[in-house]
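Listed next: structures, encoded as structure tokens.
Two complexes come next, and they have one chain in common, chain A, joined by chain B in the first and chain C in the second.
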Partner chain A sequence: MRRQLGLYGLVLAFGMGAVGLVHAARGPREAPWALTYPLVALLSVPAVELALLRSGFRPDRLLLPLTAALLSVGLATLYRLSPDLAARQATAVCAGLVAMVASAHWVARARAGEGAGPLWGAAFLVLVALPPFLPGGGELAPPLVDLGVVAFQPLGLAVVFLVVFCAFQLARERRAFVGAMVAAGVLLLLVQRDVGGAATVLVTTLGVAYVATGQAKPLAVVAAVFGAVVLVAHPLLPHLTPRVQGWLDPWSDPAGGGYQTLQATFALASGGLFGAGPGAGHPDLVPAAHTDLTLVAVGEEWGFAGILAVLTLYAVWTARVLKAAISASETFPRLVAAGVAVAVGAQAFVVAAGNVRLLPLVGLPLPFLSYGVSWIVGHLALLGLALGVSHRAGGR
Partner chain B sequence: MSELFFQPLRYVVLAALFLFLYRVVRALDEDLGRAEREGAVAALVVEEAAPGLPPGHMFLVRSGAVVGRSAPSTVVVPDPQAEDQHLRLVLRGTGFWVEDLGSKAGSFLNGRRLEAPAPLADGDRIRLGATVLRFVSPACGETWS
Partner chain C sequence: MKSRLRKLGALNLAAAALLAAWAAYWQVVRGPDLAHDPRNPRLLLAEERVARGAVLDRRGRPLAVTVWRDGRAQRVYPHGEVFGHPVGYRSLRLGKTGLEAALDAELLGVGEVTPWRELERRLTGRRRGLDVLTTLDAQVQAWAWKALGASAGAVVVLDVRTGGVLASVSRPGFDPNRLEETWAQLQRAPGSPLLDRALLGAYPPGTTFRLVVLAAALSRGVVTLDGPAPCSSRPEAHKEVRWRQALSVPCDRAFEGLVEQVGAATLREVAEAFGLGTPPPVEPAATAGQLPQPKDLDAARLRRLGTGEGVLASPLQLALVAATLARGGERPRPHFVAALRPVGGQDLERGQVPPPTRILAVQVARGIQAALQEATRSPAGAAGGEFSVAGLADGGPGRPGWFVGFGPRSSPRLAVAVVVEHGDAEAAARAARMLFLRALRVVR
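Entry: the complex of A and B
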């Protein structure tokens, strides 16, 4: 318990210090009460862990502090970009913590043989198919649903149902059923022109399937078929061409397709080793810095050191979830944890690579860092699944 | 003025994040050490015993090993004064501890009666009934195959 408090002390020293420095740099135009949202969100993570420990829950002792560190980097960066966004993100974090506790307790008791397995797949498909029927913005890569009160990408929640569904069905060796449901989901996403989302769904499923079957070859064939379909169909996905072009050769259209890439590159370059300092850079000049290019905003103001810290956090986070998967004694929790590790780890890797121009941008947010109500809630729910699995395996 | 104050402060804040990462890596390292120790082996060497157990006989033990007179015990000593399950060795932190399991005759560590679990050092003598066992810790450099 004391060691846990020591870890949280350091996380909070960083998180509160970073938010406070940004607040000071923004000057007197920011009302002090704007600070309360991110600070309350940061404090509620150790509070929730304390409550879990009190109730006899024994989850992995590093996963929640690691997540708190990622959340504090994200909240400080969002507060820098817009205190309003940080307040919404902080609210989403609090809602996500509730989802996390619920999913942790659920998976700690769940059995593969019972419960409404196929319903999870249905929930996944409904969420994926929902956006065209609801008001929202169409041009964003994963489609956005705008309900007035809250705007969100249903995919962020759909991933949670996908992981549970795959683990449930593959633990009972219903491979064809999983294949059919996921293929339908991928097709629905492609029809909505969301290649990044389709890839996320596919990679997560393949990850769980690999852990379940131990066979790599058929899964590589599926991935290759997906790649071929995207290549053949890309004339039907006209928004892809400028994105790939802007990635390969941003100078061919510096004011158009290449603009975002160039601004991101300049922002990263100006960051250097230790960055411009919180509030001293210009991350607001990078289009979509709060969703797609959060790591660029981190790199500009915290430099290479900040990016290194974030990437290390993701690496250790993923390793701890995989550890929970390895120490699980039953198939279902093992597959759940593997799914969580792949879903979050692969997304962090691909999006971070997109931020530093190793890969084209996929239009997805960085887990726990970028702004996105459904993604924060979804990823915290996934974290809850991992915590529940580690508790089942003896925890700590 | 505020620059002078805030510039160093941002390095302090960043240092807190890296100190956190350092603590996390140390925790990972401890986990690895614990996994190794869970396989840790110590030995009990018979010094004095009733007939049927030759002096010099060596028992390899892991954490949780129970010494007693009959079968559920991991180390069985043919001693009429010993209980069926007399005492237990457990790994706590970095070393083995010995714990009496409520025996009537009691267990003795280097001649002193055990009232509470006590840490074991290499060469310590544990007595139950008329049997004396010497504790050999895995770190002492003695080799066995």
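Entry: the complex of A and C
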């Protein structure tokens, strides 16, 4: 307990220091009460862990502190871009922590044989199919639902149901069923022109399936088929071509398709090794820095050192979840943890790769860092699943 | 299943390493280049947050300073149109020219970074640019401006010892303080006031090119100073003019013949050594002028080269010729910047000014110095009189008036080129005389 508190002391000193520095750099215009949102959200993390420990829960020691570190980088970056966004993100973090506790408790007791297995798949499909029938949407991919009170991308929540569904059904070897449901989901997303979301769903499923079956080749064929479908269908996805073109050769259209890539590159380059310093860069020049290009905003003001720290946090986070999967004694929790590791790890990789121009941008947020209500809630729920699995495996 | 999970774990680490390498490529390897790319919008924004450094003359007198009025930075040029040309202007709407453009990075402080300025920037989020200490002299510049009067033309004064530019005047000029109000007018004005004639004006050098021809001939041993110059078609008249007297007398025939004897290739070689045909390496952009290629010269055009026809040179280039002769054949490196000065700090060396290059033997240069003294004594060249100046004046129909020379004669300090458009030798010599009269007192 004491060691854990020490760990949190370190993480929160860093996180609150970062938010405080950004606040100071924004100058006297900013009302100090704007700070309360991110600070309350960050303090809630150790409070929740303390409550879990009190109730006899024994989850992985590092996962929550690591998540708190990632969340504080995200909140500091969002606060830098707009304190209003940071406040909304902080609220989402608090809601996500509730979802996390719920999913941790649920998975700690769940049995593969019981419960309404197929309903998880149905919930996933409904969430994926939802956006066209609700207000909002528009040009964004993944599609956005705007309910007035809150705007969110249902995909962020759908991923949670997908992971549970895949683990449930694959633990019972219902491969065809999983294949059919996921294929339907992928098609629904492609119809909504969300290639990045479709890829996330597919990769997560393939990851769980690989761990469950060990058959790499057929799964690779599925991935190749998906790539071929996107390639053939790309005339139907008009936003895709300029995005890929802007990635391959941004100077061919510096004011259009290449604009975002160029601004991101200039931001990264201006950051250099140690960054411009909090508040001293211009991450606001980068379009969609708060959602798609959060790592670029980190890289401009905190430099390569900041990016390296974030990448390290992701790598250790994913490794800890995989460790929980390895030490799990039953197939279902093992597949759940594997799904969490792949869903979060793969998304972090693909989005970060888009940020540093290794791959084209997919339009998804960076787990725990970027702004996105449903993604924060969804990813914290996934974390809850991993915590529950690690508790089942004897935890710490 | 466990082995598959371990494989995923290995993949996870490999992916993180790949991402880190890729980020390092853009931030560390390509970073410095891209950060200073002119298309990076941060550079423009940086200007608004930077207190731009001042441009100072060689005694630290301000030529361009940033003052704060109503919380906004404003660039003020205390000397107005007198320094309009070498210093240039800086306007968000109209861009930058002159030293303001050439030293933009230093004035903004993105060029040199000292640990202290870096710390200050980190703490305050604000940067101060470097002050630029130039070689210009506010007094000499003002006299040169006055000496030129209302004529269109230019004056360049070089410090013979260092190669530093003491004055660089171009008329008509413009007032950088009122640039935006007068812009439309300046664009339409006759005489192109926005053109810096001192650095960018390419003029036919006329008989001042004889200096180069004579230097080539003497250094190759084609003639001696006491040999007869065939100025006239009548052979008996030859004895009257020797080469040491030939510079300023009507003697085109002799120099046409001399060019033939020297040869096109040798002449070009010597002219290039003087710095003609290439842009002088000063900080703002300067013209290369024009020097014909030997292969383009037929016999007639080669002869006419003796009168400077086919050659174009800027006042800066001819001042450099004068400075080279004044130094006894060593060409100094012309420059505007003496040092960079951080606020409240030690001057930063801005790289060493390269040492002068010897391009002529001392005896040859001394010989031409002597010939120039003869020229100054003659009616057409007179500029110095009691101020012991050596120089050559030229002018005529269809070409500008020139004075190219140096002073004081015994131990030269100033090298000067004056050009007066639509003027004659007398107008240029008069301007040079006025300038030397005063400048030699302060520079000596």
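Rule of thumb we're sticking to: the second predicted complex is superposed on the first by the 395 of 396 C-alpha atoms of A that agree within 3 Å, B and C clash if a C-alpha of one lies under 4 Å from a C-alpha of the other, contacts with A are read in each partner's own complex, and residues count from 1 in each chain.
We take it that a residue touches a chain if its C-beta (ideal position, glycine included) is under 8 Å from a C-beta of that chain, and two chains touch if they have at least 3 such contacts.
Only a predicted model underlies this, so the values are computations on that prediction, with no experimental measurement involved.
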item	value
Contacts of A:312 with chain B and chain C, given as first, second, both or neither	both
Partner chain in contact with A:7 - chain B first, chain C second, else both or neither	first
Which superposed partner A:106 touches (first chain B, second chain C, both, neither)	neither
Partner chain in contact with A:269 - chain B first, chain C second, else both or neither	second
Residue contacts with chain A in the superposition, chain B compared against chain C	C
First, second, both or neither for A:349, with chain B first and chain C second	second
Contacts of A:177 with chain B and chain C, given as first, second, both or neither	neither
Partner chain(s) touched by A:66 [first = chain B, second = chain C, both, neither]	first
Which of chain B and chain C A:302 touches, first, second, both or neither	first
Chain B versus chain C as contact partner of A:25, first or second or both or neither	both
Shared contact residues on chain A - chain B and chain C	25, 277, 312, 319
For the chain A and chain C complex, residues of the former touching the latter	25, 207, 210-212, 214, 254, 262-263, 265-266, 268-273, 277, 279-282, 285, 299, 303-304, 307-308, 311-312, 314-315, 318-319, 322-323, 325-326, 331, 334, 338, 341-342, 345, 349, 352-353, 356-358
Contact footprint of chain A on chain B as seen in their complex	2, 6-7, 9-14, 16-21, 23-25, 27-28
Of chain C, residues touching chain A in the complex	1-2, 4-6, 8-9, 12-13, 15-16, 18-20, 22-28, 30-35, 37, 39-42, 45, 121-122, 125
Contacting residues of chain A [partner chain B, same complex]	3, 6-7, 10-11, 13-14, 17-18, 21, 24-25, 61-62, 65-66, 69, 73, 274, 277-278, 302, 305-306, 309, 312-313, 316, 319
